[in-house]
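As written, the chains take the letters A, B, C, D, E and F, and residue 1 is the first residue of each chain.
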Amino acid sequence: MSDLQPHQYRDLLRRELAEDLGAAGDITSTAIVAPEARVRVDIVARASGRVCGLVAATAAFTLLDPRVEVEIRAADGADVEAGAVVATLAGNARAILAAERTALNLLARLSGIATATRDLVERVGNARARVTCTRKTTPGLRALEKYAVRVGGGVNHRFGLYDAVLIKDNHRDLAGGVAPAIRKARSALGHLVKLEVEVDTLDQLDEALSEGVDAVLLDNMQPRQLERAVARVGGRAVTEASGGITAETIAEVAASGVDLISVGWLTHSAPAWDVSLEYRGS
Amino acid sequence: MSDLQPHQYRDLLRRELAEDLGAAGDITSTAIVAPEARVRVDIVARASGRVCGLVAATAAFTLLDPRVEVEIRAADGADVEAGAVVATLAGNARAILAAERTALNLLARLSGIATATRDLVERVGNARARVTCTRKTTPGLRALEKYAVRVGGGVNHRFGLYDAVLIKDNHRDLAGGVAPAIRKARSALGHLVKLEVEVDTLDQLDEALSEGVDAVLLDNMQPRQLERAVARVGGRAVTEASGGITAETIAEVAASGVDLISVGWLTHSAPAWDVSLEYRGS
Amino acid sequence: MSDLQPHQYRDLLRRELAEDLGAAGDITSTAIVAPEARVRVDIVARASGRVCGLVAATAAFTLLDPRVEVEIRAADGADVEAGAVVATLAGNARAILAAERTALNLLARLSGIATATRDLVERVGNARARVTCTRKTTPGLRALEKYAVRVGGGVNHRFGLYDAVLIKDNHRDLAGGVAPAIRKARSALGHLVKLEVEVDTLDQLDEALSEGVDAVLLDNMQPRQLERAVARVGGRAVTEASGGITAETIAEVAASGVDLISVGWLTHSAPAWDVSLEYRGS
Amino acid sequence: MSDLQPHQYRDLLRRELAEDLGAAGDITSTAIVAPEARVRVDIVARASGRVCGLVAATAAFTLLDPRVEVEIRAADGADVEAGAVVATLAGNARAILAAERTALNLLARLSGIATATRDLVERVGNARARVTCTRKTTPGLRALEKYAVRVGGGVNHRFGLYDAVLIKDNHRDLAGGVAPAIRKARSALGHLVKLEVEVDTLDQLDEALSEGVDAVLLDNMQPRQLERAVARVGGRAVTEASGGITAETIAEVAASGVDLISVGWLTHSAPAWDVSLEYRGS
Amino acid sequence: MSDLQPHQYRDLLRRELAEDLGAAGDITSTAIVAPEARVRVDIVARASGRVCGLVAATAAFTLLDPRVEVEIRAADGADVEAGAVVATLAGNARAILAAERTALNLLARLSGIATATRDLVERVGNARARVTCTRKTTPGLRALEKYAVRVGGGVNHRFGLYDAVLIKDNHRDLAGGVAPAIRKARSALGHLVKLEVEVDTLDQLDEALSEGVDAVLLDNMQPRQLERAVARVGGRAVTEASGGITAETIAEVAASGVDLISVGWLTHSAPAWDVSLEYRGS
Amino acid sequence: MSDLQPHQYRDLLRRELAEDLGAAGDITSTAIVAPEARVRVDIVARASGRVCGLVAATAAFTLLDPRVEVEIRAADGADVEAGAVVATLAGNARAILAAERTALNLLARLSGIATATRDLVERVGNARARVTCTRKTTPGLRALEKYAVRVGGGVNHRFGLYDAVLIKDNHRDLAGGVAPAIRKARSALGHLVKLEVEVDTLDQLDEALSEGVDAVLLDNMQPRQLERAVARVGGRAVTEASGGITAETIAEVAASGVDLISVGWLTHSAPAWDVSLEYRGS
């Protein structure tokens, strides 16, 4: 399942380890634990959820001490219950204790997003809509959080301002309308860049469709209005519903027939997964 | 209120801007908005909350273009209602649009934590307990999230593994008990390092107290048991309740008389504050 | 014309200055030129060409000494003759001499690419084809070199492996054919990612078209074959000619009716523009 | 032949990989190629040339995946014909495809410089002159490009402003003449720093020689004038010819008897070597 | 003895290697020593002293070439005589010569501090006082120098401004006295932060003690005055003597009964240990 | 006097500030000093010495808060007495207190080196010898420490392994003698690189002179032997005495007539200058 590469998380882990260890290091373990002491520990789920980022997170241990043995017991994308052991570690006790919080913080956040995404995908059920994310990500973690959305069964939206055009209300205002904005964008685009337009009304939608666009973002529309919009599009563009959609409302939104439902909450407010490290002996 | 310094967030904003702009930059605005176009915008609360990180977040705009004028209209620590304008910006339209998401992502996260902390502090009410945080922070954001806890009316726990000793169950197991762990730590400590011990039972508590410690972390105890623990301590150490405490249970925990209540949820799962940037003319 | 932002070149200039100054600094100027000496200099074209990167390159001077005055006299995109003064500088002599090579190296490279692109665009003349670049860029300079292609009148291809799908021969071999490769890609793509396929033969072209793609890269085809390919496509996809196209052959390629002509040579082998810094007094 | 060390190219490769992979990574290979698929490929010369930077360039593959096996088949400095296999790789298909462009871009540039240098050295033939480079290098690549010149049979000039004194026309103007400039420099120099002076005329040459210098740069002189200058120097200093020297004119310049011929073109405009990666099976 | 981790010195060594090797590298060894030549060398004490930082320092060799074999023959904390071999290296000659100075510079500085600390600790003898350090450390080396103090038998003071409160004269002046400063600090402190106050007089000492503090820094007091201060404290706080204490005076200071004696000289002026690398064959 | 540029110390100061401030910042000042409080302070010499690095060191204050006003009252190179005010600062109290230690640590170290160098230069008196430094510098500070040697009246030796050839005993052993080592080096050298050879005996000296070298390092020779060596050289090379030379012995060494005396102690063991920051009001 994993398409995450070490170069995508190594610097982040280094920064996080530095954040936790400071200049003095783990003064508790240094004082109490013998330099050569060994320990075996399990990483244990304390709630059910979808595992995400386990290989990345446990790299915190081997970054501190390459001799720590890491046995991954749940692949990214696996659904586990509370109590499940997702990984087992063995090695130098000081290194394992020093990297514990770094590893768990990352694992908890990514698995929290994957779990929340999976839950929304399940609520969409058999409707055609796919669940997608936004750019409302945690500073410094965008690539990882986008990955967590994929692991949760969602698809990614733009990764940044650089990889697709999304014309929003502010652009529309500055360009003097939907059509002029689209025309300006199209004349400047390379042949491999897609163009989506945010519309608030069916009139704006018509204006966008008459210019020809790859996708329309139907912003803050009620399910009934979404249905009409989808009908009006008639397959001429990808349709995306957006704006304040929650676990409670997503099924109704999906029933409108839209192709995509984007949920900012997935990356900015999904609760962390509850996971801990349990001592299993030395 | 703010004791945050630019050197604490500048690199983070640079990384976040790079994350959003990539190599191609904001291709939408570049295509649609004239290079010299100017814009006035407001940053507007879409929910009530406690503002946190506004100076830091809006530095994203001036990092891209130092000529953007930023008027801060709500100090960090201010409580605002939905609809409140917390800052007004004027300047180059491309720069403002390019930094919008970077600024809002940071502001939303920090204000979310400050708001959640404030809410818990209010629930504690007149009890002596102060609300504190943990090391379960977002990778790369610890200093900022600790600041948000302070802005919310909480106090900070350790910043990392380096600035205080906290003897946890794993250390206890490795040292062969509470007392040996404390003794080892004390003999290695400098004179400016405090020592806290996590205890799960009153027996462990007694063992810790007999060694003399600065603070005890009463882990996963029920309110009744906490009360007994506080009585047993009798002022000989700071008492901290910890473990699964929520907005629903915090008042009851506080009623036990503990000095501190730590809540990991504050920094790993507090929902982001809802805030947006609104166009006000050119 | 310029849509380049300081954050896109500042780190590069700092690295380049460090490369040239080392730990000892500019030992010649330090020995010979008084610390407070001032100088006026012109940046002068020694060949005709299209100017590109002048604001970026001259930032090398102000990075060393913010008080150096820079007067830009030719906007990016301007075509100038040998002898033209494109910028005038005044300020501390040591700073100007120390940054001279750093500034000129960047300016010469980017203007060389812009000039070469302009020349190819002129040779295409009234044909519909636009000139585009590849990922065969100089290590560390991709964003700037892509910008130089735009300044030269070209359009940009992908910026990297991350912003569009391009199925090449190796992917085809690994996937077991054009059609399976396209199907796999499409099922994994977000809705804002375009898909282009490299084809060597008309059979492969048919296979790609029957799957539906955004663009086809017609690799190493002769003009006659390109013409047939364009006809076969019939507007169902963007057509791109690629492979060994030079200034001598580009007009004939363009006559085939393709939409795009990509030329790797633009960024990996275009000769630097000849430009120097001339002393004008103190 | 290679005296290049990993610390001299590792950061560059990391930056280049980041440039090509972005946050989303190689979305084409991720979509099409199985995570565990393996591939064997050759790096193949598509033109004759002198190989340079092969160990450095292929480190891009092992940086992404340390298990990729790299067999170097042509040492740096080897002259190969079109069609030659210079290296063979085997390993994870995604890693090899993701690093392909990074590796080839570096290899093509360095081999291009080495090849161009070799060609000039051959044209100098039996004359005493050695071919040398300048500081007109690619931003960020100076150490590598200087290495390529050595691999091509040339010798290096200064690496930067810090390792030798070169008094140019601007210094002369600011110091009030050749002699005062030399005297100032000499009084400030450590005992391990050499001093070269650029002269445009025989009078300036005499002035420099009478002060005593390690080398003279004879700028933009015609072959006849160079001959006179060399005679005038009479072995009292190293003589260097510089200024607009090309493959066509270098033999004539060398015939003047100068010790060194510096050619900026080698590092700023030598065309890239043509090299590609060919699929050989899985 | 060692509680130093690689992440605490790796970046420092990389910077130091870059400082010494520059862009051209070790031009002497490259010219003279064959690429494949091997060498065996000893690191030899040229003066007696306490070894510190040997594992860290010798990592310079393996950072350049992971195949260099390092045999550590004296643990950090060992006391050795002139002539002692503290480590033996075998491997690539160029790598060992290139990293020699980097390794020795670090080893000499840290062992110098450890030796000086040991000497002071010995002079304190049976008195209760422990020797401690200050924040007067070498820029960039604080964590390592604090470690060297521990290896020398001392204990660490604050690591920075962040891990404990130390109220100095300037704070006192700005707060309007000792008592107001202490009260302000206490109300802002988290429960794991200790508080020390610098006092110059016994009156200030009384004021501090009446507020309750963890420690008092008795600044620039004569031994007789220190004795009175210690008596006055009577165990209510840790007592620290500070200010111009030298090897000559430390025993007398210790006789006053203080708990701690801080000596800035240890980290800012302790002479480097004399150590060299000796050739033992190939 | 100063030829130090901001780019040479800015990163160092940033690292040092980060080292001292950590994630929590200056918790003492934040707790005690009002955010808007202002302060005036003097930087005061507590011992006589030669000032060095004052502009660089005080940049620590303006890096934290650009509005801090810095009045430099003693140029680098000035000799001052104890009690002299070398700079006056006015501005935000928190910023000034937070940067105090960072600034003083750098100033004390560089001035310590400059003072020690000056003292040695004075002891050399009218002899021809100049005082020079070695590569035994503090990790990360080489450029600054080399500058301090110049400010002290000394001259710089090599900056690293990259800017001159110095053949030492290990090279000699590996090359099979002095002459073969010199010949190998010469054949590989560019025309702007000087060559020095370390010799222990007069025989080695003769061998070096017969090959022709720019300088000879006379290692660990007694004054009488140095005299003979200088006579033997007879002006054919620069002569440098090296090895265990101290303030006590330098005059005698200088009397031997050598051109240079190198002293490693200057940069690795010169005691820090005593300097402090004194409160002058608000």
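Quick notes on this one:
As a convention for this text, contacts are C-beta pairs under 8 Å (C-beta built on N, C-alpha and C of every residue); 3 or more make two chains touch, one makes a residue touch a chain.
The structure displayed is predicted, hence computed values, not measured ones.
Chain pairs B-D and D-F differ in how many C-beta pairs are in contact, and the one with more is D-F. Look at the CA centroids: the one farthest from the centroid of chain F belongs to A. Note on chain placement: the centre of chain C and the centre of chain F lie 44 Å apart, centres being C-alpha means. Taking the mean of the C-alpha atoms as each chain's centre, chain A and chain C sit 33 Å apart. The set of chain A residues that touch two or more partner chains comprises 19, 21-25, 30, 98, 142-143, 156, 159-160, 162-164, 166, 193.
Interchain contacts join each chain to each other chain, per the touch definition above. Here chain E touches chain B in the complex through residues 132, 155-159, 162-164, 166, 190-194, 196, 214-215, 238, 240, 259-260, going by the rule given at the top. Partner chain B is touched in their complex by these residues of chain C: 2-3, 5, 7-8, 142-143, 146, 156, 159-160, 163. Only residues 14, 17-18, 21-25, 30, 35, 63-64, 98 of chain B touch chain C when the two sit together in their complex.
On chain A, the positions that touch chain F within their shared complex are 19, 22-23. Contact residues on chain A toward chain B in their complex (touch as defined above): 12-13, 15-16, 19-33, 37, 39, 41, 93, 97-98, 101-102, 104-106, 108-109, 112, 135-143, 159-171, 173-175, 181, 184-185, 187-189, 193, 265, 268-269, 271-272, 277, 279, 282.
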